[in-house]
Amino acid sequence: MADTEFKPLDRLGIARRIAQDIPEGWFVNLGIGIPTTVSDFVPAEREVIFHAENGVIGIGPAPAEADINPWLVNAGVQPITLRTGGAYVHHADSFAIARGGHLDLCVLGAFEVAENGDIANWARSPSEPVKQVGGAMDLAVGAKRLWVAMEHNTKGSGESRIRRTCSYPLTAKGVVLRVYTDLAVLDVTPDGFAVRDMIPGLTFEALQARTDAPLRRG
Amino acid sequence: MIDKFVPNIQEAMAGIQDGATILLAGFKAGTPERLVKGLIEQGARNLTLVCNAGGGDDGPIAELLATEHVAKIVCSFVRPASVAARLYAQGKLELEIVPQGTLAERIRAAGAGVRGFYTPTAADTVLADGRETRVIDGKLCLLEYPIHGDVALIDAWQADRWGNLTHRESARNFNPIMAMAAKLAIVQTNHVVNLGDIPPEHVHTAGVFVQRVLHVPL
Amino acid sequence: MADTEFKPLDRLGIARRIAQDIPEGWFVNLGIGIPTTVSDFVPAEREVIFHAENGVIGIGPAPAEADINPWLVNAGVQPITLRTGGAYVHHADSFAIARGGHLDLCVLGAFEVAENGDIANWARSPSEPVKQVGGAMDLAVGAKRLWVAMEHNTKGSGESRIRRTCSYPLTAKGVVLRVYTDLAVLDVTPDGFAVRDMIPGLTFEALQARTDAPLRRG
Amino acid sequence: MIDKFVPNIQEAMAGIQDGATILLAGFKAGTPERLVKGLIEQGARNLTLVCNAGGGDDGPIAELLATEHVAKIVCSFVRPASVAARLYAQGKLELEIVPQGTLAERIRAAGAGVRGFYTPTAADTVLADGRETRVIDGKLCLLEYPIHGDVALIDAWQADRWGNLTHRESARNFNPIMAMAAKLAIVQTNHVVNLGDIPPEHVHTAGVFVQRVLHVPL
């Protein structure tokens, strides 16, 4: 099969694909990057309640420039709105939601995901001077389900981010349930990654060729 | 559309299993009395009841205990003149006494994902006999574990269809933290309000912690 | 000196005496019994803020019968009012105030106080079937200052409740700073009890004769 | 009459000692910028700063760090392009990275009298290297200790003379829990209101946690 036969999803395409799988009624936290844009693809009439670490429950669509409220930002400190039925809580209560198992889903970006569900998303080396942990470790272990959104391969060398084992420092061990990439949707199972969906035109073999970890047909 | 309202007490109480741990909110005020009656009617047996106090000679807790569907009670005190004290004396009720602040903190810990904590409360009393203690900063502390509920019975003044709640005056007490700490939080509310009628900065218990709401008018 | 020369304070007299010593601006929790009535002797213009374990900050005077609000009770489940500037919090937040060192003062009743500051106020024997712990252990270790209000001697046999060591199960060790009895005000010091005040007509020797623990002149 | 208002920034910041631990609230929104300037003007040195993130290239945290009065920063992440990152690289700033939820919970623990707690967050990461862990209910947990502040710098929307506060929308974030966790909570408020203007069920931070309030109009 020729690589030209398929077109990888762009970042918004990954977000759109994730949005398809979120049912009404879920409480969901979206990490920074691709995940943040997932909410744009969930129609308002499908009531999904988005949570931000800084104490916002029920994030609405981004405001028009003229309607920006400097007191109201999301976890990426971008201006947001609150939808009807939302609520504000303080930081410890907000993380009680995340850490206490009350989020049906968290979607995080990552550098790498391993076939045992390990996730690495905060540093490229343990000695990295700049440590961007944020709330990822709390969300990764606390949410009922953790999905990851990321490109399947690194930009430069094309290395697989879907790995037998993570090479970067871990965010948490054994927590990822599913990965959405620009090429496929992979479930983490006791027997490793199972391919649940692929983009049109991509074959299993071509996907495997781009993937460090062994894949199973879903 | 998310709608957590249930039409009647039977649906409110449906599925409570024998052996369940029931968190019952209230400090006289804020006790969900209709739900307690509903629990008696529902008939689950061998329950563990977690509440502030063991009740008196009448009232909702006494009624519930008198049915002998409760095997164990976890609370901060038991009055000498009470159904609980008599059942305990007869060997028909197991009793775990927990200092009231530790009780509240253990319940909150369950809701917040805290797996254990150290407190000086009761560390140098007989309640610590045979239990794990350690000295932290020169202070003897007792290791306490979270109290998770299978079910929480919750009282509210107002509720909307997402399960956002307000509680009146001191009727708040254990209601917000018990809702957090249970898999299934069942609410009786005096008033039903539209989504958005509770201002987002004035929500006392966020809908993320609530599964079912029954309207019980005053 | 003849015993007829002094008249022990009644319970309200003890409360009145305590009220004299509470300065404006303190946050104070009052236990059940004599302590509860202390607030009646603090004039409203001296702003002392009274806290109740069930989540009330700023307890006001008792309501007239017609003004009783069933949603508003104190830790003894008596109807209360809230004074202007008061607030309601949930049970874990309320005990955060008590356990986190935010109360300037807690006044508890007790069975016994020892010269090292130990307090026993919840049971007359460790095997007592009826255990009335409530919030006393939390308050005793958490407040900045613990004062005790009690009669100096037991009613029947006249035994001293001011003791070298407590004979009853402890509520907490080494926490009492001061005891107000119907006969005297005693400070707990590193050298034992120091008499800070006595009722008119009582001599040091007569007080010592009624007291198990050795006393020092204040 | 209790009156926690101070007339100017000098009185607000008076007495902050060299070596103090400063809890600085805010998540972009809710940062008390006037107080940060006041801290710079006040001139205390060798500070430990506890805040959500290390700030950027400008803004209040960057300004404070640039004065080199801060010896150590405790936060959940540091941006590569930031004053904090550069000072750290130069060896002029000590850095303690704490997952954001653990940070919030440690601060709340300080306010609530919790002396230590176990959390799964970060337990299986390099942040746990050399630290105490234990398995609770099959889950690896990390022992965390409270973060007490000597001073908290707090932002509010409204304040009354007892120090009761409200916070606007997501500007609540760390403000209520940092006020709880410090010996001296200094507040800047946009609005001054009369006692009682904040309804008792809508107080976000109770006056019991607040020591000084400075009016800083919008």
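Per-chain residue numbering starts at 1, and chain names A, B, C and D are given in the order in which the chains are listed.
Just so we're on the same page, a contact is a pair of C-beta atoms (placed from the backbone, for glycine too) under 8 Å apart; a residue touches a chain by one contact, two chains touch by 3 or more.
Please read these numbers as outputs of a predicted model, since none were measured by experiment.
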| item | value |
| --- | --- |
| Contact-graph distance - origin subunit A, target subunit D | 1 |
| B-C compared against C-D, more contacting pairs | B-C |
| Greatest separation from subunit A - chain, by CA centre | C |
| Mean-CA-position distance for subunit C and subunit B (Å) | 29 |
| Distance between chain centroids, defined by C-alpha means - subunit A, subunit B (Å) | 35 |
| Subunit B-subunit D separation of Cα centroids, rounded to whole Å | 32 |
| Overlap residues in subunit B, where contacts from two or more other chains coincide | 105, 108, 112-114, 119-120, 168-169, 172, 200-201, 204 |
| Junction residues of subunit C, two or more chains touched | 82, 88-89, 92, 95, 98-99, 142 |
| All touching chain pairs, where touch follows the definition stated at the start | A-B, A-D, B-C, B-D, C-D |
| Subunit B-touching residues of subunit C, taken from the complex the two chains share | 52-56, 69-75, 77, 82, 88-92, 94-95, 98-99, 126, 129-139, 141-142, 169-173 |
| Residues of subunit D defined as touching subunit B within the complex | 105, 109, 112-120, 136-137, 139, 141, 145, 166-169, 172, 200-202, 204 |
| Residue ranges of subunit C touching subunit D (in the complex, touch as defined) | 24-25, 27, 45, 47, 49, 51, 57-58, 82, 84-89, 92, 95-103, 142 |
| In the complex with subunit A, residue positions of subunit B that touch it | 1-2, 108, 110-114, 160-162, 164, 180, 195-196, 198, 200-201, 203, 206-209 |
| Interface residues, subunit D side, partner subunit A - complex | 27-30, 52-53, 76-80, 85, 88-89, 95, 97-102, 104-105, 107-108, 119-127, 157, 168-177, 204 |
